[in-house]
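For reference, chains read A, B, C and D in written order, and residue numbers begin at 1 within each chain.
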């Protein structure tokens, strides 16, 4: 193998490249949270946080923390000039009402029909961490997923013909950014838009349970 | 740099197509009168107009109706002797009368992604005839669907380049919820302010719902 | 006849007597609009107007009109200290969500089961003035009606066994204030709480189509 | 004169009964911690607690859960290793997991008189098993019912004697909608202000939704 997978920061940076100025974007917890760090400050992208923050900015200097201002991961943030605050129902009206140009979520698995599984590993998972993922998944104009292409331990593919974990939503993922490729979810299935340098088509297919197509 | 300001009313209303559903706020005040005049000039026809009231004999709603380009009026209130009332009586205007709170809630539902809801308002009345109902907690309820706009024409007191808005006193009325409910939300604002001038906790309509803004000083 | 019916202002004043401090009240168009004039300023009653006004105050001096501030009848008003503004959906959330202690509406007819008819005289009435009445009628904690006991021309009773006009809402009226009496809508029907001086029970019953009971 | 201020937490929480549904805001901040401590002291049991998240090992939600007086938890998020997660695993706590936006919308529906609504959120997931669904405009939707509170415990930055409130930055979160949705809404406020000090256009939670206010300076 002569290719080098992206690390989590690298995936976030790769996603940031594809977000144009003016988009209104929600970033999920995990890899997606890092995306905003890689959007240049002179490219105005407005970040939404489920807890009612419109225009979330970067973390404050440690001596300038505002305890009343956190993001959906309850991390301290700042507010961009032009940002505003709404209550929780209005905040989810933004998410569910189709007002987000983009939502980026982490996931366990994505299927070739756009299904996403990102909140539980089995139906009776003792962890019940649905949060706002189901709302964001059905509501955003575009749903992109950021995740490693394969599981850490057994190397199983997260790019599936069908999800094996409980679904977050059906048929909603438009694009997947992994550590080795960028895949579009099209009518026929996963279409490869980009791969890391040095990776071959065959190697990418070997790492993917679903069949891949090339653009 | 995001800048939702457009130079004039024509640019603000460019592309509005025949057959559009137009959401128009206003309740004694807060009506986007300049945009409404612009819509008459713009020429789109076969419109569905969603507005609180069918209006009186004169005024901007009457002018738009008199132009003959409104096919259907959705509102809570029509006077028999108004232009709308006369056009309806003459078979020239389709009319959907919606209780005012249901009208507001259906518009908000469109903006909030609610696909339908049950309300006791209007159940057991002639407005419920032939409609789907369900008894919930002992109360008869009507099933109501969202009202999605192709265009919302919105009035504001202040606007910044992200489209954050404030509205004056009761001129707020339908403006924030109609802004939420349309594919294209066009604003006329009395004042232009710098980004950040509106305190973040006191934005009445966040820019996420706004697509174009035109400055109409007075 | 030795009794004197109340005029419209008199009905409004009679209603105002029964509104305690602290109530949150919506007044319909017509007779009800006048109620607020008869609530003493030192008795804090908060008036709601459907167009998003909480704490509506009296009409301004002619030289102090604020064109941005009207009530549900589009009359110029003032705002009481402590008042506030909300948008139309939030305003009707107040009305429909059970947050009004009282709504006072005008009506054509009230039935002994609490039905109210106040928006159209027949199903194909060319006037379509439903406005917010149906929302207020189903939503307020208490619905009181202010109307003349009998029609002006033929003297027909508006106090009915059943409404003959299209309904605004079913079974919602709690009390009726007319020019000659105050009636409670109880399980058994209309119960007379008060009459104008000089009116006999028999005279009141003669003017009422529905059967009356005495408290 | 309307005056919703009460002298202390005990007076604020007087009368809360066993079996109550308690709405509690908070999302990293904006949680009414003093009232929550007061609720533990007050002693009501067999409670249903509606809150965004089941919380962590420590903190006020964990304390209330550890007191054993919560029968059922309605929330969007529970960690397996939290007090809530452990009580659930041990069969000591009933759990209703609700997607966060649906949770907010169900609470708002209770306040707004919406008797039920359809949403695509959660349809086609295990949360939809055995539930009523309907396809609207080609989308599978779940029928959701309002969450009515017997009590809402609310956090505010400023309050006046009518109960008009402001909230700081993202500490607003569930506070305004939970205030709408309960029979008894009790507020702890950092600051007391005179009637009229909050600009009428910038009240975040109008006093109509508020019943009792207690001043907790810090």
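The criterion applied here is as follows: a contact is a pair of C-beta atoms (placed from the backbone, for glycine too) under 8 Å apart; a residue touches a chain by one contact, two chains touch by 3 or more.
None of the values given here were measured: they were computed from a predicted structure.
K.L.:
Considering only chains that satisfy the touch condition with chain A, which of them also satisfy it with chain C?
P.N.:
B, D
K.L.:
Could you compare the number of C-beta pairs in contact for A-B with that for B-C and name the larger?
P.N.:
Between B-C and A-B, contacts are more numerous in B-C.
K.L.:
Which chain has its C-alpha centroid farthest away from the centroid of chain C?
P.N.:
Chain centre farthest from chain C's centre: A.
K.L.:
So the centre of each chain is just the mean of its C-alpha atoms; given that, what is the distance between chain B and chain D in Å?
P.N.:
Here chain B and chain D have centroids separated by 32 Å.
K.L.:
Determine the centre-to-centre distance between chain C and chain D, using the mean Cα coordinates as centres, and give it in whole Å.
P.N.:
Taking the average C-alpha coordinate of chain C and of chain D, the gap between them is 34 Å.
K.L.:
Report the inter-chain centroid distance for chain B and chain C in whole angstrom, where each centroid is the mean of the CA atoms.
P.N.:
About 29 Å separates the centre of chain B from that of chain C.
K.L.:
Two or more other chains in contact with one residue: find those residues in chain C.
P.N.:
Counting only residues that touch two or more other chains, chain C contributes 79, 85-86, 89, 92, 95-96, 138-139.
K.L.:
Any chance you could list the residues of chain B touching two or more other chains?
P.N.:
Those would be 105, 108, 112-114, 119-120, 139, 168-169, 172, 200-201, 204.
K.L.:
Taking all chains into account, which pairs touch?
P.N.:
By the stated definition, chains touch in these pairs: A-B, A-D, B-C, B-D, C-D.
K.L.:
Quick check on the complex: what are the chain C residues that touch chain D?
P.N.:
Residue positions touching the partner: 21-22, 24, 42, 44, 46, 48, 54-55, 79, 81-86, 89, 92-99, 138-139.
K.L.:
Show me the residue ranges of chain A that touch chain D in the complex, using the header's touch definition.
P.N.:
Residues in contact with chain D: 49-53, 66-72, 74, 79, 85-89, 91-92, 95-96, 120, 123, 126-136, 138-139, 166-170.
K.L.:
Hey, which residues of chain D end up touching chain A in the complex?
P.N.:
27-30, 52-54, 76-80, 85, 88-89, 95, 97-102, 104-105, 107-108, 119-127, 139-140, 168-177, 204
K.L.:
Show which residues of chain B lie in contact with chain A when the two form their complex.
P.N.:
1-2, 108, 110-114, 160-162, 164, 180, 195-196, 198, 200-201, 203, 206-209
K.L.:
With touch defined as at the start, can you tell me which chain B residues reach chain D in the complex?
P.N.:
Going through chain B, the ones touching chain D are 105, 109, 112-120, 134, 136-137, 139, 141, 145, 166-169, 172, 199-202, 204.
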